[in-house]
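Both of the next two complexes hold chain A, though its partner changes from chain B to chain C.
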Partner chain A sequence: MATETIARRPERVRVQAAPGRRPRRDAGRVLRLYVPLALYLIFTLVPFYWMIVFALRPTGSTAPVPWPITFEHFATVWNDIGYATFFVNSAIVGALTLLFTSVIALMGGYALARFRFRGRTLFMVALLCTQFIPGAMMLIPLFSIFRGLGLINSLWSLVIADTVFGLPLSIILMSGFVAAVPFQVEEAAMVDGCTRTRAFFAVVLPQLRPGLIAVGSFAFIHAWNNFLFALMFISRQDNFTIPVGLSYTIGEYSADFGALAAGGVVAAVPVVCVFAVIQRYLVHGISAGAVKG
Partner chain B sequence: MRSITKVCTAAVAVLALSVTAAACGSDSGGAGQESGGKTTITFWDNNGGVRTPIYQELIKRFEAANPTIKVEYVGIPIASVQQKYDTAIAGGATPDVGGVTTSYLANLTGQQALEPADDWLAKSPVNGRLLDSMLASVKATTPDGKLYMAPATSNLDVVWYQKDKLSAAGVEAPKTWDEFFTAVGKLTKAPDQYGWTIRGGAGSIFQLLAEAYAYSGVPEFFDASGKSTVNDPKNVELVGKIAALYKKDTPEADVTNDFPKMVAQFTSGKVAMMHHNLGSYNDHVKAFGADKIDAFPMPVGATGKRTIVANPVDGFAVFKNSEHKEAAWKFVEFLLSKESNSYWNQQTGQIPANKDAQGDAWLNERPYLKNAVSVLADPQTAVVSPPYYLPQFSSITKADTEPLFQKVLLGQMKPQEFLDTMAQKLTEAQAEWKQAHS
Partner chain C sequence: MASTGTAVAGGRPRALRWAPYLLISPTVLLIAVFLVYPIGSVLYYSLQHYNLTKPWANGFAGLANFREMLFEDPLFWTSLGFTAKWVVAEIGLQLVLGLALALIVNESFIGRGLARAMVFSPWAVSGVLTTGIWILLYNPTTGIVRYLGAPEAAVLGNPDTVFGALVLTELWRGVPFFAILLLAGLQGIPGELYEAAAVDGAGRTRRFLHVTLPHLRDAIVLATLLRSVWEFNNVDLIYTLTGGGPAQVTTTLPLYVAQRAIDSKDFGYGSALTTAGFVILLFCSLLYLRLSRFGADHKG
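This part shows the complex of A and B:
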């Protein structure tokens, strides 16, 4: 268990430019790599730029830059539209969905990866099949169930629905991560005296960090952006979430683009922050889970 | 390693606590409850967001006048209101009072979700004070001719314009279609300024039909034999003329214009004139200032008779499932009173349903609105009523024909073929409806 492998990176050979000469840039490399990347970056960032411009410039201005800067649209969405409340609700729903999805997916994923039981393949297929059912189709059955449970108008209805809809994919992903951890290391821990649970926490769980981050971030973002459930299961003004608040800015006969953009900025900030923190785990996480699933 | 173990233990603990909390502290839904001698009724605003502060003020006034009733306001985004109502009806969790328009009233009455308002109105102080034309419009929407919604406001299609742009081009607000097309040409200085903008995306058909009937002067949607008049030769002529403006006197992006994009083009100052209704008044004022914009009604066609297509009527309905119908009707009555109806319409810039409110000073101070009211009240004005009662009306005028109008704009379809297709669908739907209700 304690074996350590030291991977050596091949040493790079730096070619020094002759004294008095500037190093030549590889024009082909710039053309192949940087130009497409720059174009893609512009393509991706321009909508964000416009969102920020609309959010920060005064109503009626057509300037391509947000000058003079105004924060009136942010004040509108935060105070008048009720983002102060919606933001907290979204954060609660997002955090609890993340928590429940991660914990349940961890347990389900471990079971699928480590145990061979009758109906395992069928269960996996069933999990995959649930992905083909659109949320809108389940709306009325879920509504009736939640109504029976007294959960309509409660944030719990959103947490449960978002968790349930996110779980199949999360379990499949997580089983891939668990399968990637050799069972021998767990066995070695058990030989050293650990129970199976102790071995899981001590040996397997630390290696599942990228997987947990991938699954958790997907769950959070899905819950954060879910408009349909938030509108349908909630009929109380104080319990709505950010996506519903965002749709308030487009009325029947009027559209407040400044408020819409400011609302978009507020809604995007947590998602951008989540990605900024986890992006290095995420890429590895997704590929590891997907390939070995 | 230890920290992860701790985090997991904490997570499981929170999960267990949360589930317990969910079981104990769940929030019940449903309609009104009685607590502390107060009756609580739920009100769903069908255009939540923009109108929320207006209703909050009115609810405050209502609760002050009726201390035993509490109104719980819920703003529903307009784009999803039909789906929200359908889900609530299917789940048996409808509000006590809801904002409803004639465009989906038939859908709600078809599900037997609403309480008829006839008996309440007969005994109400607002009886005789609501505009007959709006009451008739609501009654015409349902097959049994009952009043399932108390009208509160209506709208009129107008052409908004920037005063300074018209003055600079030496153009006066057009009164006829010939003047209109001349003005559009004079106002266009592409690519910096366009005289007109076409709604080519979502919601395009209603606007196009309003223009076509205003141009042709055809007074009915169906002739005596039940055949749709949509493909009348004059209507075809107008669609051809409008399509000819595309890209020449309008921005190229118009082919996908829905209402927000169209208003955004206008408020950006790039378009001099835009067809919409009175409801976007506040957006224009916010962008330009009240003194910089004005509106004129749809121009008059060759017949010389002003013809308008009736806009949906907006109002309030009490739901059948309500456990507090008396309180619910009381709230509706309050919203339709002269003071409340006047306040609401003053804020939104629309036409009040209460006749007494129409005499208020604020209405006379806004020339475009005064003009709109006089157009509607003029006995010479022909009002074409769209068949909102047809269950397929919405799909025919949206999913079925909006893409066809885009083809017309792009030159891939002739106006005649486009309107023939729509007319055939409407005629079939009308025949089906007549058969079902004969």
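This part shows the complex of A and C:
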């Protein structure tokens, strides 16, 4: 384990990102940088645009721009198909997963970064090994467990499954962020008479804000997007989450593309907004710990 | 058993001895109950006849499930073949495109933050939503494919075009995370190395081959491995976009397991398929780590 990598502050990494090259506006740079970037942006953004066009233009229109704008499709999915309920369910699962993952990852990450205890290496290896367990292969045994616990058709089964599958990577990420906070800060607070717990809450936790944002958003996005667990564990429509609702829209409304697109926009808006805010923390977080941790 | 840092030595060693164990206990508990135990129970179920829709026939099966899988179920073998084709195609293309994308957004230019946010954004989109979006694009009457001179037949219903359509769709969502992982690796390369190489007269290509690639080696190995497991596991997209069709030509092994579990509730046979999947995945991962000499000191 490259502890030297874990300890590196994100700020330093950022400075190194542009190794002494000044932007020059020559033809080579345009060909090498801007043309491929523009092409890739088209590939990325056109599908989003196409969905928005379908969601906003009236049924029967084939115009490539959403004009005249109508919100009838949103009214259909939100009120008639039940996306209002799906949205609330997904938000509950996402928020609880975020909460549990953040707290447990904070505890585990702190233990990994600050203590050398017997079994630490084993714990690390176990966390990495879990990354090779495909969730799709766990459907059957998890279904049996949740049935035994009486959690089938309960949103708690999704909260638990999403937390468990996201936790290992979250802990590794979080330990990178904790290691980046100098131990001297904590030490100084303890010399001033704080207990270690108080020192943690008073001086370490505030500095872990970027880490908590990265880990929490990561957990939220994964919980919001999870489809297979929700499909397997939930069969009552009142407890459907957005991806399950969307999959039924794909199946049943395959002629009504307006409704499908509007449902897609409802599904996309929260995660894309969260992502836009956190993507820079994500890159720093991974370079601070995950890839080489 | 001493903790890191000097301060701890003068602190409260007895309390601190169990502190790390207390801190990791929720994680250990959750992993044990919801990951380790289920893997054990898969092995157990794979030796049972266990079908929720036929409770009267449940009971010990011995190796019957495995016998059926290996000798009487051609779909097991075709799904395995398609899984390999799917993972290799996706990972190969994602590596090339993801590396190119990471190198581009690692340059400094005006609007870099916005460009990064935009090109990375499909990562946050779920497999089901990706399906929803690309169905709109692929639809022969309303989709964007009609501007690109696509044949009139449905792209997804044609066994000749469905693989390409599926791969392209997953690239849209898969390349960003590959690029994020590799960008993180790129940012760990000290800038002095590029300056030294430039002083020595190394051109752009040689700097890439002799500085960038060797330093990215571990990041590339880990990213390809993690993403391979991930693409292997990627049921959401295929389940909703093609459902494994047409005529089961796009059924991966995990999708087959999911169909057995969700649609026919045949847990015994599904567990045998799961066990086979675990063994194959474990074998391939270990082989790959061995062949790539991951973590070995190769930077010289």
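Going forward, the second predicted complex is superposed on the first by the 227 of 293 C-alpha atoms of A that agree within 3 Å, B and C clash if a C-alpha of one lies under 4 Å from a C-alpha of the other, contacts with A are read in each partner's own complex, and residues count from 1 in each chain.
In this section, a contact is a pair of C-beta atoms (placed from the backbone, for glycine too) under 8 Å apart; a residue touches a chain by one contact, two chains touch by 3 or more.
This structure is a prediction, so every number in the text was calculated from the model and none was measured.
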Self-check item: First, second, both or neither for A:D80, with chain B first and chain C second
Solution: first
Quiz item: Between chain B (first) and chain C (second), which, if any, makes contact with A:F275: first, second, both or neither?
Solution: second
Quiz item: Given the touch rule stated above, what does A:Q131 touch, chain B (first), chain C (second), both, or neither?
Solution: second
Quiz item: Counting only touches as set out at the top, which of chain B and chain C does A:Y110 meet: first, second, both, neither?
Solution: second
Quiz item: Which of the two partners, first being chain B and second being chain C, lies in contact with A:S235: first, second, both, or neither?
Solution: first
Quiz item: Quick one: chain B or chain C, who's touching more of chain A?
Solution: C
Quiz item: Given the touch rule stated above, what does A:I250 touch, chain B (first), chain C (second), both, or neither?
Solution: both
Exercise. Classify the contacts of A:A202 with the two partner chains as first (chain B alone), second (chain C alone), both, or neither.
Key: first
Quiz prompt | Touching partner for A:G150 - first (chain B), second (chain C), both, neither | solution = first
Quiz prompt | Partner chain in contact with A:E187 - chain B first, chain C second, else both or neither | solution = second
Exercise. Touching chain B in one complex and chain C in the other: list those residues of chain A.
Key: 62, 139-140, 143-144, 231-232, 247, 249-250, 254, 257
Quiz prompt | chain C - residues contacting chain A, complex | solution = 1-7, 11-12, 16, 19-21, 23-24, 26-28, 30-31, 33-35, 37-39, 41-42, 45, 100-101, 104-110, 113, 115-129, 131-137, 139, 142, 144, 172, 176, 180-181, 183-195, 218-219, 222-223, 226, 229, 232-233, 235-236, 239-240, 254-255, 257-258, 261-262, 267, 270-271, 274, 277-278, 281-282, 285
Quiz prompt | Parts of chain A lying in touch with chain C, wherever the complex brings them together | solution = 5, 8, 13-14, 16-21, 23, 33-34, 36-37, 40-41, 43-48, 50-51, 54, 62, 104, 107-108, 110-112, 114-120, 123, 126-127, 130-145, 160-161, 163-164, 167-168, 171, 183, 186-187, 190-191, 196, 221, 224-228, 231-232, 243, 246-247, 249-250, 254, 257, 260-261, 263-264, 267-268, 271-272, 274-276, 279-280, 282-284, 286-287, 290-292
Quiz item: Can you name the residues of chain A that touch chain B in the complex?
Solution: 59-60, 62, 80-81, 96, 99-100, 102-103, 139-140, 143-144, 147, 149-154, 156, 201-202, 205-206, 209, 231-232, 235-237, 239, 244, 247-257
Exercise. Spell out the part of chain B that touches chain A in their complex, as residue ranges.
Key: 1, 4-5, 8, 11-12, 14-15, 18, 22, 26-30, 42, 44, 47-53, 72-80, 83-84, 87-88, 90-93, 95, 155, 259-260, 263-264, 267-270, 276-280, 282-283, 286-288
